[in-house]
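Quick one: structure below, then a few questions.
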Amino acid sequence: MHPRMAELLRFVEEDLGYGDITTESVLEEEVAARAEVVAKEAGVLAGVEEALALLEHFNLKCTPLKQDGEEVAPGEVVLQVEGSARTILMLERVVLNLLMRMSGIATATRRLVNIAGRYGVRIAGTRKTTPGFRYFEKRAIALGGGDTHRLRLDDAVLIKDNHLALVELGEAVRRAKEAGFTRKVEVEVRSPEQALRALEAGADIVMLDNFSVEEAERAISLARERGSGAVIELSGGITPENIESYAKLRPDVISTGYITTRSAWLDMSLRLKR
Amino acid sequence: MHPRMAELLRFVEEDLGYGDITTESVLEEEVAARAEVVAKEAGVLAGVEEALALLEHFNLKCTPLKQDGEEVAPGEVVLQVEGSARTILMLERVVLNLLMRMSGIATATRRLVNIAGRYGVRIAGTRKTTPGFRYFEKRAIALGGGDTHRLRLDDAVLIKDNHLALVELGEAVRRAKEAGFTRKVEVEVRSPEQALRALEAGADIVMLDNFSVEEAERAISLARERGSGAVIELSGGITPENIESYAKLRPDVISTGYITTRSAWLDMSLRLKR
Amino acid sequence: MHPRMAELLRFVEEDLGYGDITTESVLEEEVAARAEVVAKEAGVLAGVEEALALLEHFNLKCTPLKQDGEEVAPGEVVLQVEGSARTILMLERVVLNLLMRMSGIATATRRLVNIAGRYGVRIAGTRKTTPGFRYFEKRAIALGGGDTHRLRLDDAVLIKDNHLALVELGEAVRRAKEAGFTRKVEVEVRSPEQALRALEAGADIVMLDNFSVEEAERAISLARERGSGAVIELSGGITPENIESYAKLRPDVISTGYITTRSAWLDMSLRLKR
Amino acid sequence: MHPRMAELLRFVEEDLGYGDITTESVLEEEVAARAEVVAKEAGVLAGVEEALALLEHFNLKCTPLKQDGEEVAPGEVVLQVEGSARTILMLERVVLNLLMRMSGIATATRRLVNIAGRYGVRIAGTRKTTPGFRYFEKRAIALGGGDTHRLRLDDAVLIKDNHLALVELGEAVRRAKEAGFTRKVEVEVRSPEQALRALEAGADIVMLDNFSVEEAERAISLARERGSGAVIELSGGITPENIESYAKLRPDVISTGYITTRSAWLDMSLRLKR
Amino acid sequence: MHPRMAELLRFVEEDLGYGDITTESVLEEEVAARAEVVAKEAGVLAGVEEALALLEHFNLKCTPLKQDGEEVAPGEVVLQVEGSARTILMLERVVLNLLMRMSGIATATRRLVNIAGRYGVRIAGTRKTTPGFRYFEKRAIALGGGDTHRLRLDDAVLIKDNHLALVELGEAVRRAKEAGFTRKVEVEVRSPEQALRALEAGADIVMLDNFSVEEAERAISLARERGSGAVIELSGGITPENIESYAKLRPDVISTGYITTRSAWLDMSLRLKR
Amino acid sequence: MHPRMAELLRFVEEDLGYGDITTESVLEEEVAARAEVVAKEAGVLAGVEEALALLEHFNLKCTPLKQDGEEVAPGEVVLQVEGSARTILMLERVVLNLLMRMSGIATATRRLVNIAGRYGVRIAGTRKTTPGFRYFEKRAIALGGGDTHRLRLDDAVLIKDNHLALVELGEAVRRAKEAGFTRKVEVEVRSPEQALRALEAGADIVMLDNFSVEEAERAISLARERGSGAVIELSGGITPENIESYAKLRPDVISTGYITTRSAWLDMSLRLKR
């Protein structure tokens, strides 16, 4: 039983409304069929678990040929499904939307992971996710090999420039650490000097935001000299094109909205057979 | 009162969890602030209405400087907001996610509309939308100047190849027309000949799916000769690069998943001022 | 799995509250029983699918003896159920309410369909449905042989007198057609002349609202002469008593709120056997 | 703030879907209008409070001319509303459905109350209500002057024939009284003798179900002789035609499904003025 | 199928968020395990049904060794569970919280029931329950042998001092009796004299609130002399220490918030075995 | 606008059902009243914000005399409310239940904080909270001066004995650290030696679970000698009676289920005045 089944069913309801009027008028109720979900592009799969959960919930028999996190080539079959033709067609679009959006994110993530991983650098996501769909997008990031980063506003402290416009950095870190001992405190900084202040204040993570490669290099070497155990995270304007130049600086993590806001969905289709 | 307020509040809850622990620990409760949402790229705005509805629901004072559907240039201020600094920061990410995803779709749509419009051709979306977020994505398409196309499986009949694998085209159209007189019947076809059969069967809309430019040209001229009042819709593989060659054929509509599955979010940020 | 199961379960919760205190106090937990749902009046069944879905969800074994859409005579058994006596009694009222309300609508619809059908005229419902229960009432109309007509405000355009109080008919139709190509445009008119204007403006459907038989006759013959392919719909004040005189005019459709607002529930009861 | 506002908003959502596409395409956003809800039949009003709550929630200005529970004559204005024309039309159908269904029940109830009241007999409803809409139907019964009777399975004990098929009457009453002291225990009986047994067992209410007038008379006089303080309730097959002959027997209460399962909606309409 | 399954699943979601990140990172997906829920204190069990329903919903195999309402000794195994180690650990806390809170209430209730029962006096709860969790707390009271008393504001009339500050007692009872015949009317009184007035007014239940033992004795003997059939309920400030002195007065019922507001949770733990 | 307003309204619905039948039958609609919420015991307030949010949502005028987190003495007025008597009485119980449960937790927390604080030791809660009510119980802990600790299974890693039954400690910590860099990794240990292994493995927090004072002392001094920056948390069996002997050992944190599972609700009442 998928722990988010109620949400998955709401997605069906969103697409279904009062019913699949095409299929209900065109096909007899008792027609059985087999179908395949096929990848039309190369990429990394995500959403297979959700697709199976939904299809099986409506009594269809499924055989996954690929698992979440696996690579898929164009033309490869992701899963086979068997049962009522009406039910298969009723669920087609929702299942494909889940698979295509999630796999698109997993694919973009894996691409960055493959580059950054050569330098021992992790890739992480952000909170730039489609409203109402974050759980699935964060899961796709993880399946692509990325770190989900903060899930919500309550699972880690992240002091950003908007906070620092209103309160001094050292004071902000002090207050945050007092507020809870189970969560890490991260500070977003705009200069190598501010990075040092964050480290001195005791930040667990320092995020170098929108740094040029040169500035980033200076900030990282200052931090490493200082011997801090803090995590160094690089963020802002990362793309597949420029990531290697940043990864070479060997920060601990590179986080990027790219994988959720600029990635294409991975194209797939469902082919029915009688 | 926004008719989807309950949904907007669920988006806040998704991001908020037990609270914005950063802001609550770092800022005093009574601090007031002003902030601006600023576009960082050129594009077409969507989501302004939703942003205002949310911000005002939490007692912030808003001044929109741009409206939904308007163009925005990099650096331009979209809206100003005033009130509790804590509340502004609590809502920042949700508001930006709404605006950025919706504006990204509106922008991609407008781009295609501008090309196709020169030939009197409409642009339409598809049901390839993020699960749980369709209402907002369809609205963004409309704000970009596109046609929402089917909202759900129940508001128009669309007989696709997966149906035609199981039932003969003419019979399918006949059954669909019998099932309801208030909804249009559309048929997705794969060849000019099939297009003709659909017209003969009485389809209200014929969708030429994945046609080459040459085939599309032949299908459209066959249809026009026949003098049918049916709408001719072109779909499949449309991109900003190839759309003009299809638009020149002057179908009635070009529909495309591109605007929801391959469009980038429009970058924006929120800047706080004390 | 019924696609509206969550809603069906809310209906149970509505009737159940903290539990069936009568049955829980009076019957031991382990008592098994058989029961039958019996029709007490002649009519057309609707809601059997929903009844079965609910009963089986709570692990009762069901045997339907009649199907949705079938006629039933007084005294006939609709379905048999077997299992925990407590569970059967817990669900009794909800199951009967679903069956009785839905079958009442199906029965009233069929009655009109039988009359109008003799003249090749369809029967359709309206949006006059019980708030929160529309899906089931629209389904009952379909099972009775009627057309559901608009499901919501978003699946077809219907320009009514309240719109025409504020905008000119031709302009209204023009705007509506521009707003979307996948939905039909219907106009409600009050006179034969207005009907002609609607046809000229390009309406897909013209609804003659509250016409006398004479006026309706004139409007229909004017429309037929004009050779329009538009659907002619008659509506307003239709009852089983007067429908034949309207059906004889051979409009395409007669729509009526009668079947949902003036139909009686079809009486049924559940008889328990140890 | 109406305590059922969330439910009322779900009713709007049910009718609205993605939006009122007619009104949005046909009317400009800024058009203001006035409108009146007018009764087309004589009856008793119910749902005015709900209508006002909804209309005001969407920022319309309302003036009720009639109150819930008041009588209305054909042509009389129930309420006036002023504001955005689009919003008025968006809410029209939901508001009318609430008012018409609820007023239909209130009207049917009042009719029976007026007859039975002459003999000092109360009218009560049953649990035969539209799934998902019970709260509003029970409220309509109360506004018509009736007693709501059980709201759910948990607010009073009602031992019915299906229970008595499995457990002896005296034992059933004994168990029910043991199970809770805050709720009354009612027994449904089929003969004057069984009525006496229920009284002896200590039932707080005895329901004579489907009794002929003669049998009912005998049962009531037996009960009165016995001097029991129990409430005598008559039920089953009551209609406006036969109620007086039962009321003359002066039971304490007559309960009937008629008011919810056989009553017609009270016809009303909304008239827009610029 | 537990009738409150949707609520139980919300409890899981509350604890789970985006997932059990510890177990998912630390244990392989396929690890199977067995586990036992063990009582660490003596008490009365409640929540076993809910625990089983949840565990089985997620495909774990359960063997209950104890039933709801049974006593348990420290170290005794309540239930055994077998299946995916990840799933067991994901559900551990929710299952324990249900069992511990509910069993704590059942245990406190049983303790009072054992004392009061020696004098033929019932124990009842109040509406002092944790918001959102009342169903389960009322069920725990019943499993402990107590009476649930009012479940909500709508299942019995209870006229309290705050009402009597605004309306005269006799008038209040008269109005309440008129308002509905299926529900009992209870009056909360502050003196023996007021108790008599309530009896004379026809109250079904009289609650002596915050009476000293002496006053309670006087009120009860006055009531008994009067020969009223009304239920005498004692309430206010009852604890395990003082209950016997009140029970000796043989009121019909003693109700107390103690069992929900001052009872300790019954300590239990879950022990995993590979 | 309270971010959890939808939840607060569900609490009202839980208590209200179809309405406050007592107040509606006994009081006229237009009666206005003033009321006070009064503390009957000394303690620390929590839930004032929620109470105000609810009362104001239903158009009552509120004046808080005390704030969340403040101490209150017996007899002191917490807040005053003015408006419809019916509305005040409708909300009375929900408001009191929120205040009493939350203030009970805040009071118990503050008591421990006052003792432990003398030694510079923090108090923290656990995930032992009432299902469905955790947000409010965690908030009460914070208002009492405690640390909320983990809110859910997803905001920090906590490797417990049940995990260590299946995987070696060092390996578990290594895997957890790899799984995410934004969350802290805590290990629950059963002996001083295991505590050292956890520190060596790089745990951010070590929880000494169910240690005697002597063992705890040894574990803490071993950890301090090692010079680790890890947080030392003590847990298991903490009560107001034994906490000082543990606090004297100066761990960083003492966490305890006592404050949510063994604390009494803080008694309050609402007094109405005309």
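By written order: A, B, C, D, E and F. Residues from 1 in each chain.
Here is the rule we go by: contacts are C-beta pairs under 8 Å (C-beta built on N, C-alpha and C of every residue); 3 or more make two chains touch, one makes a residue touch a chain.
Just so you know, these numbers come straight off a predicted model, no measurement behind them.
> Could you tell me which chains make contact with subunit A and subunit F both?
B, E
> Of the other chains, whose C-alpha centre is the longest way from the centre of subunit E?
B
> Nearest 5 degrees is plenty: how much rotation brings the CA atoms of subunit A onto those of subunit D?
The superposition gives an angle of 180 degrees.
> Farthest chain from subunit A, going by the mean of C-alpha atoms per chain?
Chain centre farthest from subunit A's centre: D.
> If I list every residue number at the interface of subunit E and subunit F, are over half of them used by both copies, so same, or under half, so different?
Looking at both copies, the contact residues mostly coincide.
> Over half of the contact pairs shared by residue number: find the pair among E-F, A-F or A-E that meets that against B-C.
A-F
> How far is the middle of subunit A from the middle of subunit B, if each middle is the mean of its Cα atoms, in Å?
22
> If you average the CA atoms of subunit B and of subunit F, how many Å lie between those two points?
Spacing between the chain centres: roughly 44 Å.
> Where in subunit B do residues touch at least two different other chains?
In subunit B, the residues touching two or more other chains are 6, 16-19, 90, 148, 151-152, 154-155, 180, 183.
> Which of the chains are touching one another, listed as pairs?
Result for touching pairs of chains: A-B, A-C, A-E, A-F, B-C, B-D, B-F, C-D, C-E, D-E, D-F, E-F.
> Could you list, by residue number, the parts of subunit A that touch subunit B in their complex?
7, 10-11, 14-27, 31, 33, 35, 85, 89-90, 92-94, 96-98, 100-101, 104, 127-134, 136, 151-155, 157-160, 162-163, 165-167, 172, 175-176, 178-180, 183, 257, 261-262, 264-265, 267, 270-274
> Residues of subunit C touching subunit A in their complex?
1, 3, 6, 135, 138-139, 148, 151-152
> Once bound in the complex, which stretches of subunit E touch subunit D?
The touching residues are 122, 124, 147-151, 154-156, 180-184, 186, 205, 229, 231, 233, 252-253.
> Contact residues on subunit A for subunit C in the complex?
Counting only subunit A, the residues touching subunit C are 6, 9, 12-13, 16-19, 57-59, 90.
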